[in-house]
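One chain, chain A, appears in both complexes that follow, with chain B as partner in the first and chain C in the second.
Then we have the complex of A and B:
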């Protein structure tokens, strides 16, 4: 039992130790390699880090629940783009313009509703057909992205509203608006996963679906709720991000699903499901953003950033394997 | 928004000229998507080379990888690092406006390079450095018209146009320049049809194949860049249609080779090296308080089979 606890601590603490290493590395390397006079661990820079983690972070938090279920959602990037289009385009509709700034909360509502509906479509198909979520959301990823392009062709969809921008750029108690949404989402999902029946069921289903069914958990509707939740969160992420940047390219949000999954895996969630932690995913998101920011700080280019993140991901999966399975499934040729 | 032509001319010629002040400045650049095409790759290399050649400049060179969110984060990082000036190659001409405003509010001059941001953001921009796409379009029209006059068909020639990707300012402006200028110089030439080729060679080849089936008589093809122009040329060669005058813009290596082979008539010479150096120069001049026109164009001359010897072959 005590070894089990120790392993849990290593697994959960690993990501934070990694973040500490990153911070130390970039602070020291920054002294030599950066042209900027300012220290990397500047307080404002760290606040900015949290803010910049928000778009992928909010999605990754939801992805944790999906992956604890043993599912995966590849369509979040497309849902993100479609919700963003709904947000910006709805504000240009005549009746919305007549409302003045009251159109803003309504537009948020439309965008979030779009996310929930698209998520519900995924969930319903997974529930009613029993097809693997990977395949279902692979299809909807392509389908939803098709809708994005149908909406406005290859053109960006734009609506710049300065009230909205000012709100999104505001800082309350030092934290940016986006940071509040990220931390708020993390708190609510943490409570959901650790303090409610729904959270317990999510773990149970991921651990052993048959046993969960036998225990009387209604797996289908449970999946559907979770897909609606992640649809909502993808839309929330779009709302937070596009409030500040009034224009969507049709290919925005591409690869976000992979960044979100990367963050979740870095945070130690098991790919097979049944185990995972919201707080560690938050760590995973911060670790990725820290790498992007830090490598930019010391003057590495974007390709290097991707390479390093890829290598770290493989290293994490290898470590996870050693910790979780002690190499029991090692290939014996 | 003062138009000072002398300064504009000076800017396009010399690069290291006036960066006199001994004080070292830090200039940050966030690019659109290095590696997606050779123009942007060459641009980055030229920018780094130009910055290194100047002992008074420290450059922070970043690439957004085509991702708006990442570009906005990079703008925030540069503001946070308190660089002296920021050069941005926008991933989306509207989405970056709030980030540009943030830099402006922080007292950091922003120079937009290559393709401009939308008009709503002009108040927050110190200067735009890039090619004048409208002039490029009208110069292409002039190249084509001059050739028709040489051939004596300026009263009956029929032209088709393959435009760039819809929605791109570059595509819209080049098309506008061509559409407006052609009737002025050659009033009797008809522009029969315009279709987008999306900056893509294969797509342009298909568009041209359709044109060739639809129209028996095509004398000239104008395409928004040489990449598309060569696609159209391939379609014409495959269909065995000869004597068509091809004019493009942004002279690519493939276009240059086709001109050398006598198959392609002319284009507009736009060098990514000039583009990058002009951007850096504009940033340095802005910091030194030199008065610049808001739209600080660098020159993009005409290139045809007749004068191509004056230009080196593009590296992209």
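Then we have the complex of A and C:
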């Protein structure tokens, strides 16, 4: 029991220790190498960092649940783009324009509904056909992206609504709107995964599907709900981001699935399912954003960021395996 | 007596379903548009599928061995950029072997991590996707790479020339497919790849060096990627840093379409070639029928899921999944 606890603390604490190391490193290195006058640990800089983490972060939180459940979703980037188009385009429809500012909540509703429906399509296919989620979402990644392109060709879809931009750029208690959405999502999902029956069942299914079936848990509907949830979150991420920027390219959101998975794995969620933590994923998201910002701060190019993140991902995997193996040996003795 | 026959037909459909679908597709498109089966059109399609196809050949080995390779897209960008850069610095005769060596080195690194250190291949190659992209950008300094003297080099042979009327990329693709098909089906190494992917533990107990076999599959994959990079570079004689971006998933789609199981242990080179050709001809056929270019994505989506679904359904003996 105590070994298990210690293992959990090392696992969950690891990502926060990594963040602390990053902060210390970039603060000290920034003093010597930085091109800017400001310190890295500048308060405004940290607030901005949280805001910039939000789009990938919200998706990564949902990906955590999918992966705890033993699945994976590669189509989130395409869902993100299609929801964004829905958000911006729906505001230009004639009857929506007649509504004035009331069009905003309706447009949000349309975008979120798009995400939920696309997620439900994924979930239904995984449930009913029994094809692996990796393949199903790989296919729908192409299919949904096709829908994005069919909507408006290669042209960007743009619509600026200043009320919406004001809302997206607002700060409440010092935090940006996007940050509130990120933190709020994290809180709700944390409660969902640790305090509700659905969360417990999701863990059980990911850990051992056969055992879960034998225990009377209905696996299919849980898959369905979780895919709808991540569809909703991908749409929410799009809503938060594009409310401010007001223009979406058909290529937007590409490779988001890979960034989200990277953040989830950095947070220590098990690929095979059954184990993972929402809070650690939040740590993973922040760690990646810190790395991007920090490397930029000390004057490294964007290419170095890619290189470093890739190698860190592999190193984390290696460390995780060593840690797990060590823990098992201790248990045997 | 009808029982076994019926089962036989079902088995045949499950095993050769992808081939049958391919034939039906070809006939359908040919009826819809005469130009579809014109020789120059067929050459055009196969030629433009060749780069994707060559990469898919290598990934077939990795997937049969029970692993994934998501890094092939960014590795292809790397080899394209490297060979173009070296072309002007040391000349094509030296640039090509140097590029192959560097790409194989990357493949060896991935193979070491997945094979000998037994790390999860999805995450390792995901990390390498990002890392190799960084490496490419560092090599090129973020700039597009171009060959200075485009008309005065024999380097364009691989991507643009024809031998006896057949485009060279098609010949290279076909040659590589035949060789790798022989390797996979006729050599001890090929048998071992199936054994390792089918049941790794059993393979280990029967004395097959699992780590080394996995390592080798990634070398094969890297070799194919280097060849694809050579074709790409030679065809365009200049390139962006992101030329192969996103191709890893298209390659995987082709391999899965060919019927290789992601769990490992099944699939053949021939079927992967069919998977590649299906993707290519569907794209071409839909265009010729007059549909929007992007409809192909939707069709590909439907085909991938249907193909895998039928495969899974045939194995478990019922159409709908038993998931409660």
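Throughout what follows, the second predicted complex is superposed on the first by the 324 of 333 C-alpha atoms of A that agree within 3 Å, B and C clash if a C-alpha of one lies under 4 Å from a C-alpha of the other, contacts with A are read in each partner's own complex, and residues count from 1 in each chain.
Rule of thumb we're sticking to: a contact is a pair of C-beta atoms (placed from the backbone, for glycine too) under 8 Å apart; a residue touches a chain by one contact, two chains touch by 3 or more.
Bear in mind the structure is a predicted one, so any value in this text is a computation, not a measurement.
Peer 1: Using the superposition on chain A described above, determine whether A:41 touches chain B (first), chain C (second), both, or neither.
Peer 2: neither
Peer 1: First (chain B), second (chain C), both or neither: which does A:215 touch?
Peer 2: Touch status of A:215: no partner.
Peer 1: A:33 in the overlay: touching chain B, chain C, both, or neither? Say first, second, both or neither.
Peer 2: neither
Peer 1: Pick one for A:146: touches chain B only (first), chain C only (second), both, or neither.
Peer 2: After superposing on A, A:146 lies in contact with chain C but is clear of chain B.
Peer 1: Quick check for you: in the superposed arrangement, does A:169 touch first (chain B), second (chain C), both or neither?
Peer 2: Touch partner of A:169: chain B, not chain C.
Peer 1: According to the stated criteria, A:21 is in contact with first (chain B), second (chain C), both, or neither; which is it?
Peer 2: Neither: A:21 stays clear of chain B and chain C.
Peer 1: Between chain C and chain B, which one touches more residues of chain A when both complexes sit on the common chain A?
Peer 2: C
Peer 1: Using the superposition on chain A described above, determine whether A:191 touches chain B (first), chain C (second), both, or neither.
Peer 2: A:191 contacts neither chain B nor chain C.
Peer 1: Looking at the overlay, does A:246 come into contact with chain B only (first), chain C only (second), both, or neither?
Peer 2: first
Peer 1: Just which bits of chain A does chain B share with chain C as contact spots?
Peer 2: 301-303
Peer 1: In the complex of these two chains, what residues of chain A are touching chain C?
Peer 2: 74, 125, 127-132, 134-136, 138-143, 145-147, 149-150, 213, 218-220, 223, 254-255, 258, 261-262, 265, 271, 301-314, 317-318, 321
Peer 1: Per the contact definition, I'd like the list of chain C residues that touch chain A in the complex.
Peer 2: Contact set of chain C toward chain A: 70, 113, 117-120, 122-124, 126-138, 142, 245-246, 249-250, 252-253, 256, 262, 292-298, 300-302, 304-305, 308-309, 312-313, 316, 320-324.
Peer 1: Which residues, counting only chain A, touch chain B once they are in their complex?
Peer 2: 34-38, 42, 44-45, 48, 51-52, 55, 153-156, 158, 160, 165, 168-169, 241, 244-249, 251-252, 289, 292-293, 296-297, 299, 301-303
Peer 1: Looking at the complex, which residues from chain B come into contact with chain A?
Peer 2: 26, 34-35, 58-70, 72-74, 76-77, 80-83, 91-99, 101-102, 118, 120, 165-167, 198
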